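Two complexes come next, and they have one chain in common, subunit A, joined by subunit B in the first and subunit C in the second.
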Partner chain A sequence: MSAKPRIAVHKFASCDGCQLAFLNAGEDLLTLAELVEIVHFPEAGPLDPAAKVDLAFVEGSVSTPEEAERIRAIRRHSRVLATLGACATAGGLQALRNFANAGEWLAGVYATPETVAALDTATPIREHVKVDFELWGCPVNGEQVLQAVRDVLFGVSPAIPDEKVCLDCKRRGNPCVLVTRGEPCMGPVTRTGCGALCPAMNRGCYACFGPAENPNTAAFANRLEGLGLLPDEVARRYHFITSQAPAFRAAGKKEAKDETP
Partner chain B sequence: MTDPRRIQVPVLTRVEGEGALDLRIRDGEIEKLQLRIFEPPRLFEKLLEGRPWSDVIDIVARICGICPVAYQMTAAQALEEIFGVTVEPAIAELRRAMYFAEWIESHALHIHLLAAPDFLGFDSVTAMAEQYPDEVRRGLHLQGLGNRLLALLGGRSVHPVSVCVGGFTRLPERRELNALLEEYREALPLAEALLAWTATLKLPDMTQDFPAVALRHPQVYPIEAGRIVSSEGLDIDAAAFPEHFREAQVAYSNALHCHLHDRPYLVGPLARLNLNRDRLPPPVAAVLERTGITFPSANPFHGIVARAVEILLAFHEVIRLLENWRAPERSRVPFTVRGGVGHGCTEAPRGILWHRYALDEAGMVRAATITPPTSQNQARIEEDLRQALPRFGLERPDAELRAFAEQVIRNYDPCISCATHFLRLQVERAP
Partner chain C sequence: MATDCTLVAELRFLAAADRQRLIEALREAGYAVHGPRVQEGVIRYAPVERIEDLPRGWRDIQEPGRYRLRQTDENRLFAWAAPAASLKPLVFPPREILFHARRDADGRLRFEAADGAAPKLAVLGVRACDLAGLYLQDRHFLQGAHPDEAYRRRRRKLFLVAVHCAHPADTCFCAATGDGPVARYGFDLAISELEEGWLLEARSHAGQEILDALPTRAAGETQRKAAEAAFRQAAAAQRRRLPGGDLPARLGGRLDAELWQAVGRRCLACGNCTAVCPSCFCHAHVEETPLTGARTTRLRQWDSCFTAGHSLLHGRPVREDTASRYRQWLTHKLSGWHEQYGRSGCSGCGRCITWCPEGIDITAEAAAIAGEEA
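Moving on to the complex of A and B:
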């Protein structure tokens, strides 16, 4: 029996991109495998979903009845449970179905009686079980993930930055996309973690890391409208990859409503 | 009549996404064989409807974290067809290089983390690393080089952000390219050694009869452009895909099965190499020849060798494309948004990926259809199992049969996350 800390990586509705934080880690993956025992991580091989673990990462959102059951079982077996990325933390793109008239989205598609049942929503893990800490991003920042593992192994709770993308942008000396290009950029309301990646690539942020601390979503909606965006266009910016973060869900709904007389 | 023997692989490991295999054997014959994909549907085709054209590239990337560039390039091609955009040659070259970087990342990941442990008798790469540290490190290094070029050109390797209609949002600087190219040149012998090594793996010996489908380009090995061809003489452009390929529903799986003229067919590295061996650059063809394995090959297990050939090819192509690359005046060409229908077809790491979009006059998506490689290979995987398992010996113990079946499936590198996104599903309301 090894006394190494035990880790699990679970998958729910997702694109598998956040798990790549481990599979793309190169040497760090081998080092990690020496420091901890990876007991469940189907994409990498180990399979033991019911194992008791010290730290469980969850990728993906809950979108089927089976997943809703499974996440509760995982919580019972896991000392620390962390979400891995935008799907698990804020719904991911698949959560856009939550705003759709469910009947309308599904009426036009063929249904066969034997196919797997799906819920008509895709929801973040937090809405199902207690989550100890959440990692944002679509995908997560690999450095942040490995740092979080180290923190948990040392018994400290990981410090996840929640300041705005704008601050990182200033630090990097990027020209401001909003001011100099007059293009919409979600940086002023979005949490950093990417190091202001999109502005550095000459484009606006699309909020894949979700809301920052204290995002002034209403004032920022006005700013976007000042650039010529219509309310429903503003709504779509809040309702994108991280639409189930409460601040963005509410902001997008407000804009969508403003539009209908 | 005896009682049937049921063998299940409840969760397939070392594949991307969630799938399972049900096998029922009665009186020494396969009575039922079903590859079930239970990856939850994420309904991408539906959620694209009503979004503006400008969201498409960012959205479709999220279908698959392992091959987002394939989705981005295919969507860009379709949108550019609608807007009547022709990108500058230097942009096409950069896109081709970026796409090859994704092949390197995806193929190296598959060979080392998913497939090779099978052939060497380990259950994970970390277990394999204890006995084969050099091979594993070489693989991770090559994978890392793919990722670094993706990050240089796209900001990050998973869901890069720079590909846009008309070009790129940012072009790399010469000195950035030079630094990485130096490492690419140094890696050539490693990629050659990898190819030689895959040819020494103890691969099951087996021949099967299957049509192969891939793109074909007049000059080069296909990746970002070409016509759709088959080993049986098909030769069509992307728009004609629906006339020849049909998606059929099967009740037990969340993915559709795709057939060519009512038959299963193969896409992916083996199909590509079988149909495009004459497009390999001479230095790659020479290394391949020394392995003694000849293509076209009818052994599905040669897929892993084909992947290694494509890694070596990718290194050569990246070097060729970027060595003398000159930034064009503009990073993207201007265009006017208009309505219409556009198609895209490119070679994702796992095989041809087909997109079709219909936009209205304002550029909003009216309809989207996406046919990923894994749904195309799914029927072929079942056909392979039906032939391979009896030859392996249905009388063998469950554990052996299960392990062999998993190996057969994994050999296709099925990306189950990709395969489900167009599912027709039945809904159960949350209470």
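Moving on to the complex of A and C:
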């Protein structure tokens, strides 16, 4: 038996995009294959979902009864369990059904809804099992993922930044799109990790890395309204890809409620 | 009290048509030249080749939380206030490699310093507020017990062309901090800009050499008077000011004021004020290790007293809420610095007001907290 650490990459309800952090890693993927044994990674080939592993990455949210069972089994045979991306960490786009009548949506979309085994909600992995660390983003930052693997191999906790996108945005020297153009950029409440990618491309942040530490969602909601957004539009900025992060869930609900007469 | 806006006795006049010659003289002296340029909706320092690269006729509109540009048909290149970034990124880069470490075949760690080369760099159009900011950066990085080598290498290669400021923004208050609008120190050459050309003064040996290479003539008394009048007007036009009196003592006696909580409810703790501040110097060390684990790179990057990480002690942030972080920033800037560096940390550039997404005004907060009507 190999003495190398064993790694698994599991897929739940998601678009598969975050797994590309590994598949698109180029030379680093070869390095990874030398350093660890990749025992389960369906998108890449290896299949052994029940294998005992040192580090399991989970992409996607829990969206079906089968997934709710499967995540508990994975937790039992994984020493360290990490989420990979916005869906696993904060619900993803599919979690928007948590704010609606999921059954009605299902019936409206599918011809035979009774053949679709879906839960009424799509929920982050954290709400089902203990998670050791979370990697945010839609998609994740590939460099951050590999740095996290490196840290785990060293036996230390990955240093995952929790500060606001603005910190990285100013380090990059981007002119602030909110201040110069009135763009409703979510950077001031959003966790960095992307390196302020969207503002560097001259567009506003859409909060795909979820809330930063200590986000002032209430004051920022007022600011967004000052820029011309209606409460419902503000709510949708908080309830987008990372709506199940508690700070954004609460902020969006408050805005949606404020609009109700 | 009116701000002193008198200029030195020895002023030389360079006609507008000859302004390109300054860039040429600097390049001939071996300097890479940075100057203000209009880029991505802001005026900021960037490499310039020709005088046409400078923002001729451009004006800025700066208000709390808002920055816009507009173009006029004026022949001036410096008719705007503080650019989006100060000199800080040029001497204290936002992210900088300190050293690399690798493990050799015997398992020992080997350290190698980062590349230390710094080019000769001339910067055109530096305002008095930013020269004061640079003085404060110098105090921090150079004049302590352990001068910062990387900073020193860059700093000593700087040639600074100041512009006495005739166009303050709504957010400016350099007259109140005593740092402007006329630059008094820290430059090699200074420009007083008139529609027909520049009045130049040299303040260093290097500056005098450049000035001697330019086709100037003695400035006229009318020109001097026009320039001085414009600076007096620039000082008088400023509406904002910091509270007077012994501000460190006044703020020190108000550490428990309810107003900190009030500003904490508005502040986003996004750190933009500290990033754009010409004097803020706080930084964090981060490590980047490639997957192989055979080597690692240690970087220094801008940090902010508005992050949790900045106050992390034994795994817990000492300043958990925004009110305590804002209080740390304001009291350090306006009182702690007096003890540390012999003066206030604020030079009145107004950037923290302009670039705050919430438009929080340091002068209004300081006045309210110190118990004064704004």
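Keep in mind that, in the parts below, the second predicted complex is superposed on the first by the 251 of 261 C-alpha atoms of A that agree within 3 Å, B and C clash if a C-alpha of one lies under 4 Å from a C-alpha of the other, contacts with A are read in each partner's own complex, and residues count from 1 in each chain.
What we mean here is this: a contact is a pair of C-beta atoms (placed from the backbone, for glycine too) under 8 Å apart; a residue touches a chain by one contact, two chains touch by 3 or more.
For clarity, every value in this text was computed on a predicted model and none was experimentally measured.
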item	value
Clash-or-fit label for the pair subunit B, subunit C on subunit A	fit
Partner chain(s) touched by A:43 [first = subunit B, second = subunit C, both, neither]	first
Inter-chain angle, subunit B to subunit C through the CA centre of subunit A, in degrees rounded to a multiple of 10	110
Which superposed partner A:175 touches (first subunit B, second subunit C, both, neither)	second
Partner chain in contact with A:15 - subunit B first, subunit C second, else both or neither	first
Touching partner for A:98 - first (subunit B), second (subunit C), both, neither	neither
Subunit B versus subunit C as contact partner of A:202, first or second or both or neither	both
Partner chain in contact with A:83 - subunit B first, subunit C second, else both or neither	neither
Which of subunit B and subunit C A:243 touches, first, second, both or neither	neither
Which partner, subunit B or subunit C, touches more subunit A residues	B
Per-pair minimum CA distance [subunit C against subunit B, superposed on A] in Å	10
Where subunit A meets both subunit C and subunit B, residue numbers	202
Partner subunit A, residues of subunit C touching it in the complex	39-42, 44, 65-68, 84-85, 89, 94-95, 265-272, 275-276, 286-293, 301-304, 307-309, 320-322, 354-355, 357-358
Parts of subunit B lying in touch with subunit A, wherever the complex brings them together	11-18, 38-44, 46-47, 51-52, 55, 58-59, 62-66, 68, 105, 109, 113-114, 117, 123-127, 129, 136-137, 140-141, 143-144, 147, 154-159, 161-162, 164, 169-170, 249, 251-252, 254, 331, 417, 423-430
In the complex with subunit C, residue positions of subunit A that touch it	28, 31-32, 35, 146-147, 149-151, 153-154, 159, 161-164, 166-167, 170-176, 178-182, 187-189, 202, 213-216, 218-220, 223
Residues of subunit A that touch subunit B when the two form their complex	11-20, 23-24, 26-27, 29-30, 33, 38, 42-47, 49, 63-65, 67-68, 92-94, 96-97, 100, 102, 105-106, 109-122, 138-139, 194, 197-198, 200-203, 206, 208, 233, 236, 240-241
